[in-house]
Amino acid sequence: QTTYNVASLADFTGPYADVMKDLIGARRPVIDWWNAEVGKKIGVKLGIKDYDHRYDAAQVASLWPGIKAELNPIIVLGVGGPDVAALQGRLPSDKIPMVMSTAAYGFAWKPDPWIFNQRPTYSHEAAAFFDWLRQKRGGSGPLKVAIISSEASPAYVDQHKGVQRYAADNPDKVEVVEVVFTEVQPTDLTTQVNRVTRKGAEVIMIMTNTAAVVATKRALQSLGKQVPIIMSSHNGLAESGRAIGDVKQMEGDYEVYAMAAPTDAKTPGREFFEMLQSKYGLKAKWTVSAVQGLGQALIAMRAIEAAAKKVGPDKITGEAIREALLSTTISADDTFKILGNTKFSNEGPFPTQGLVASIATIKDGKYMEAAAGVPVPSINKW
Amino acid sequence: MIDFVNYFINGALVGLLYALIAMGFVVIYRASKVFNFAQGELVVFGGFIVWWMVASLGLPLSIGIPLAFVAAALFGLLVERVFFSRLAGESVFAMVMVTIGLLILIRGLILVLFGPQVRSFPIIFPLQPVIIGEILIPRSLLIGGAITVIVGFGLSWFFNRTRAGLRMTAVAEDHQVALSMGISVKRSIAFAWILGAVLSTLGAIIFLSGKSLNFLASDIGLAALPVALLAGFEAIAGVLLAGLIVGIIQGLVTAYLDPIVGGAIGTVFPFIIMLLILFIRPTGMFGWKTIERV
Amino acid sequence: MAFGGVVALDNVSMAVGADELLAVIGPNGAGKTSLMNCLSGFYRPQQGEVRFNGSLLSGMGVHHIVKAGLARTFQGTHIFSNMTVIENIMVGRHIHMKSSIPSAFFYFGPCRREEIRHREVVEEIIELLEIESIRHQPVGSLGYGLRKRVDLGRALAQEPSILLMDEPMAGMNTEEKEDLARFILDVREARRIPVVLVEHDMGVVMDLADRIVVLDFGCTIAEGTPLEIQQNPAVLKAYLGEGNR
Amino acid sequence: MLELNNVEVIYSDVILAVKGISLAVPDGKCVALLGGNGAGKSTTLKAISGIIRVEDGRVTSGNINFDGKRIDKADPTEVVRSGIIHVMEGRRVLRHLTVEQNLLVGGHMESSGRDVRKRLDSVYDRIRRLAALKDRITGYLSGGEQQMVVIGRAMMANPKLIMIDEPSLGLAPLMIDEVFELLKDLKASGTTLLIVEQNTRVALEIADYGYVMENGRIVLEGAAEELRNNEDVREFYLGLDLKGERKSYRDIKHYRRRKRWLG
Amino acid sequence: MDPAGVFATSFERDQALIRTRGQWVALVLFLIALVVLPHVLGPRLVAISTNMLIMAVVVVGLQINMGYAGQINLGQAAFMGVGAYATGALAIKFNLPFWLSIPLGGCAAAVFGFIFGLSAVRIKGFYLALTTIAAQSLFHFLILNLPQSWFGGSNGLTLEPAQIFGFSFVSETSIYYLCLAATAAMVLGAYGIVRSRHGRAFVAVCDDDVASGLMGINVVRTKATAFLIGAFYAGIGGALWAYYVRFVAVDQFTLFHSIWFIAMVIVGGLGSITGALVGVFVIKAIQESFVTLGPSIVAEFPSLGGDVVFALMNVFLGGIIAAFLIFEPRGLMHRWNILKRSYRLWPFPY
């Protein structure tokens, strides 16, 4: 039995400290489970260690050499932008791949990846939703979309740029009526929301943060308008619902991401989660963050499995894992249907083809899946 | 046209909110000559106190909010006790630097005491907007604006017309002279922070009523900074006008220029206005002129 | 020269000859300091002009006037209190030093040589003013009198071709005044430059000045030799008071 | 009423500025503290008023008593409340405030607004000049005018003891007379005075008793009369030659003539 | 400062930074330590050291700006960002070698800083300092809204490693040496600047700008120069950063970063270059040890729960800075100077 290490980056003290409990809470049990049920069989044991990167690229950069020296990891579990920023230049020379939990960013969309996102970019996910909603709406005209974004972070800008690109390339499908810029904690959005609704927006996309969702929701409420909001994983229905006080107020709004939605339904993913709870001491709650952690860890585990199969359990290297990631398809069953069939390619850090997204909503006050297996369209680079 | 009026009114009200936050800067400055970099953090802290009293402990608004003000005042006092009482008479620069340490500390405290989660802030003012014809005014901002104007003129009266206000002005002018006249610098600074904390809490209530709250909301301090600079650090009532100017211009720019530029020019515009006006009036519109004598 | 309603200087005309010690006296608030400020360019007179060696000074930037050779000391203390005595006087050498920022960045070489060269001049001044023992003390911790001496040293370090002094003796006891008077005379002797002196100590003024101008409410009320001034009834009434001969 | 016993003052834990001085200011009298630059006169006053502490200084030994109470450990505000006002050197006006506001600050301890006005009027009465300037911003006043403001401000507090650091500094002769007239007036009305002064002649005129400081120590003390006749004081502080004539500044020879009592 | 009994015998001697043999020995030892450090310490510590070196350049610049010229600068991170972006753009678009693009990055930042400094023409005192906050928001706005082809917009810039004669600075150690060389040069330069007439002009303008004007100092230019130099240092730091991380994005240079830089200056002590270095070291060391310690504490006491421990770390960090400010508001260097002074006077304490 050969022991290898996995480095787990987490934001304990930075801006996303609140979701970390579920995210890393899900990673660890997956590895324990894998060690016990898969690793044992193939002769591989994995260790894992958490590092606090404060969601700060400088911190990641200063941590990384130490991680390499101390842990000599064969794979890294990353969180978000700063990890990509600080490590995308180094991983190729260090020959260690990184698997991300969040969606990808436009800035990391480069060929020959060492970084792998289980999900495409936020814009891809949004586009999948728009296509779905347009079909659901019926009719022929493009779906009129308003975007509430912010320049507080380049990641936010990236999101709306991607959607704008999609709209520009597919004028028959999506029309962006306006991009409204706000601060991280908007003072009041009534006038802005009023304006976009009068421009005929059929849906409002907010993938920045919950504060913006809450402010928009309040604006809609005070205007007496019913326009659905589409959110993403980090500011989704549950978070926004909590932030506004009651998830019932999010009735009719949506969240979209290329993973399973953490609904109450007895899905395979849910069963896997409960198994981890009962057998491997998983403490995280069944949230989007936990799903991200599960998906991410599973991708990593399956890649290691594939690599072990190829090069033998005692010869696994970061490079071999990357090879395995690029050459094998990780089937939906391998990830307990948390992800669809995942096939990475040399084109970019996320699967450019064959991805599917789930859409969740609040209906009659209950969180539930609105659609699953929604195909993610392809978008040209922006 | 009606749009324009709407943006104008809303901008003005948001501007008044900035003015209220900026008043926190000004009040602390006026009573102690300390420029408080931690103003945004004070707002968030005040917000969390309100959240804690009302949402977490479940006290009714009529009890929770006054209690929150008391707690904020105590916190202000605590800040003075712990940080500034030892520094009385030290250079003002040192005190200003302390506020930077305070900023970092309060952030940590908020994380420990209230956690990093986004909290739902209680609905203090009714959500229904005031609707006049086609003009639609958010109620919390409207009530807040009215409160701000009253508080602004009240404080202005206090600092400019009362003896206690004069005493504090003396402290802000020159700590040593104030001491030599038997004025307690410590008490003045304590008062400044109490007032600053209470005002920040009030600001938080108006800002956050019915919205969400986590420590990132402290950015409002940054947004209010140009207002304070524009008015001049000594001008309490002047902050109202500066707030209106900044708010209205920002509102209109966001509405009409952002879509053209395709970027958030509305957020940088206050800084540009501030620079322009400072070039014309180097100590803000109503700030004390620097006296240069040899 | 007027500030709002306050007329600080009203139609004052005067001239300082080369190598002359001109004293300006007058009651408090007469406009003496304002006059000095006009001369040194700190105030811009609304009317009239200041000429030095034929060239027009008024309207020039303050630091250009200094470069033209005018140095001054200040009423009260306007000394750089966080710097040591040496550094203060070295600031006086600023206009004579040339080193650019890049050369300062590469300190060793021309910049250092220049520093040392000027340091020697400064040491001479320190010796002249007898402040050797406090050379390295921060000026902020010095008493009032010593500060005034450093102030003078700083002005001297500029190697001015005209020196303005605003109440240099204030805050000194007789002995120190004597010292300072000596310094002033020495400077005049050594450098042969005109000096304009504002002072309230009549002993000093009468003894040192070649000529005296008396201001009151911004107007010249008398001008003449010390002896003439002492007899002038207008001056006695406005300024000296009976018994202060 | 004010007594200093063996007081030592240290700045920043290293600079010993006052090295064990003792002095007494009796009730209703005027005491002058004379001495050269850097002798420690201002430091002594600051030690009494407690201001020293904000300059990173400390009274390290000895004690200061006022009206039988120890005040060397007291807060500056308490010292002022007990009736001592310190007029600091350097005309520390509150620059952005008007003359009247400056004076009002001085009267801040008065219990009611009416009492303050009354004091204000009496100060205007005593210092006519200030009444004329009352709405001017003090930062722009001339040096002498500022000096009047700070003295007026001290009077506003109605203190038992006024300590004035160099009241004549920068004043025109006529004005010095005026100020000292004022001080005499104050003294006559029962206020005790402790004056630090470089203008030895006028100081000794008003003072009952004088101390001469050098290098942080008291080197000479005596009744004003005595001091005036002391040979050294005459030469070094009054600038008189042996015959009692004032020497001309032009005639001073350039060498170190200073005779030091100590170190 | 010399111990008792040592006197300067010449002006050169009096001005020298290092006056006794002991100090020389200490300095040489320190430099040797810096040089051999990568061979002794583990890579994590080397990385931290590299980080500290980069910060040191930025903070030394801030020290000149703030500690000497008295201008609080809230835009230092933005200036650093300008340097990083300029360097990145030059290296990518024009293929400039690093020894050209780094100084040019510094210059770009210097120009940006100078423009803000020029507002000293009209704006004075605290108002001037606070206008630098506009630098932050302008920088952010411009990078995100200028054409993507210039500075990459929201995509940021990705750099190739610095290269010279076919050697590329990829390894942690090589980057460390690159930064060490640059930082040493910059720090030495800083000592030169503050001892020259410019340094004195900065302090003079800070102390009393009216009087310094009347001493022949061009006040506006001096203030603007202070910003220029501060920004130049920030720019160099940013340029090194660009080659270190090899990816530049706006969110690496936020106001909060500026605030930390200021905290470093304060902890070290205003008005001392050495203080700036000490401040960087202390804060960074504390920060890094917390980051390192955190996960182990959680591993030891899982019951505590990660977030609580980490939040407490934040409080600690803030508390330490606040404690510094309360008990040593003038920074560590001030304490050190007092110690030295008593040593100099020893054995005669007063």
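Which chain is which? They are A, B, C, D and E, in the order written, and residues in each are numbered from 1.
Here is the rule we use: contacts are C-beta pairs under 8 Å (C-beta built on N, C-alpha and C of every residue); 3 or more make two chains touch, one makes a residue touch a chain.
Here's who's who by UniProt: B, E = Branched-chain amino acid ABC transporter permease; C, D = ABC transporter ATP-binding protein.
These figures come from a predicted structure and were not determined experimentally.
**Q** Quickly list, by label, the chains bordering both subunit B and subunit D.
**A** C, E
**Q** Tell me, which chains sit next to both subunit A and subunit D?
**A** In this structure, the chains that contact subunit D and also subunit A are B, E.
**Q** Starting at subunit A, how many touch steps does it take at minimum to reach subunit C?
**A** The least step count works out to 2.
**Q** Which chain's centre, taken as the mean of its Cα atoms, is farthest from the centre of subunit D?
**A** Result for the farthest chain: A.
**Q** If I rank A-E and D-E by number of C-beta contact pairs, which comes first?
**A** If we tally the contacting C-beta pairs, A-E comes out ahead.
**Q** Average the CA atoms of each chain to get its centre, and name the chain whose centre is farthest from that of subunit B.
**A** Ranked by distance of C-alpha centres from subunit B, the top chain is C.
**Q** Distance between subunit C and subunit E based on Cα centroids, please, to the nearest Å.
**A** Those two chain centres are 40 Å apart.
**Q** Centroid from C-alpha atoms only, then distance subunit B to subunit C, rounded to Å. What do you get?
**A** The separation of the two C-alpha centroids amounts to 46 Å.
**Q** I'd like to verify one number: the distance from the centre of subunit A to the centre of subunit B, where each centre is the average of its C-alpha atoms, in whole angstrom.
**A** 37
**Q** Suppose each chain is reduced to the average of its Cα coordinates; what separation in Å results between subunit C and subunit D?
**A** Each chain reduced to its C-alpha mean, subunit C and subunit D end up 27 Å apart.
**Q** Can you pull out the residues of subunit D that are in contact with at least two other chains?
**A** 15, 140
**Q** Among the residues of subunit C, pick out those that touch two or more other chains and give their numbers.
**A** In subunit C, residues 33, 42, 74-76, 78 touch at least two other chains, as defined above.
**Q** On subunit E, where are the residues touching two or more other chains?
**A** 141, 144-145, 210-211, 214, 307, 311, 313-314
**Q** Can you identify all of the chain pairs that touch?
**A** Here the touching chain pairs work out to A-B, A-E, B-C, B-D, B-E, C-D, C-E, D-E.
**Q** State the interface residues of subunit B toward subunit A in the complex, per the touch definition above.
**A** 3, 6-7, 10, 13-14, 17, 111, 115-120, 123, 127-129, 136, 138, 141, 207, 210-212, 214, 216-217, 219-220, 223, 251, 254-255, 258-259, 262-264, 266-267
**Q** Per the contact definition, I'd like the list of subunit E residues that touch subunit C in the complex.
**A** Within the complex, subunit E contacts subunit C at residues 11-12, 14-15, 188-189, 191-193, 195-201, 203-204, 206-208, 210-219, 225, 229, 271.
**Q** Mind listing the subunit D positions that touch subunit E in their complex?
**A** Counting only subunit D, the residues touching subunit E are 10, 12-16.
**Q** Residue numbers of subunit B touching subunit C in their complex, please.
**A** These residues of subunit B touch subunit C: 292, 294.
**Q** Which residues, counting only subunit D, touch subunit C once they are in their complex?
**A** Against subunit C, the touching part of subunit D is residues 11, 15, 34-39, 42, 89-91, 136, 140-145, 147, 166, 169-177, 198, 200, 236-239, 246-250, 252, 254, 256, 258.
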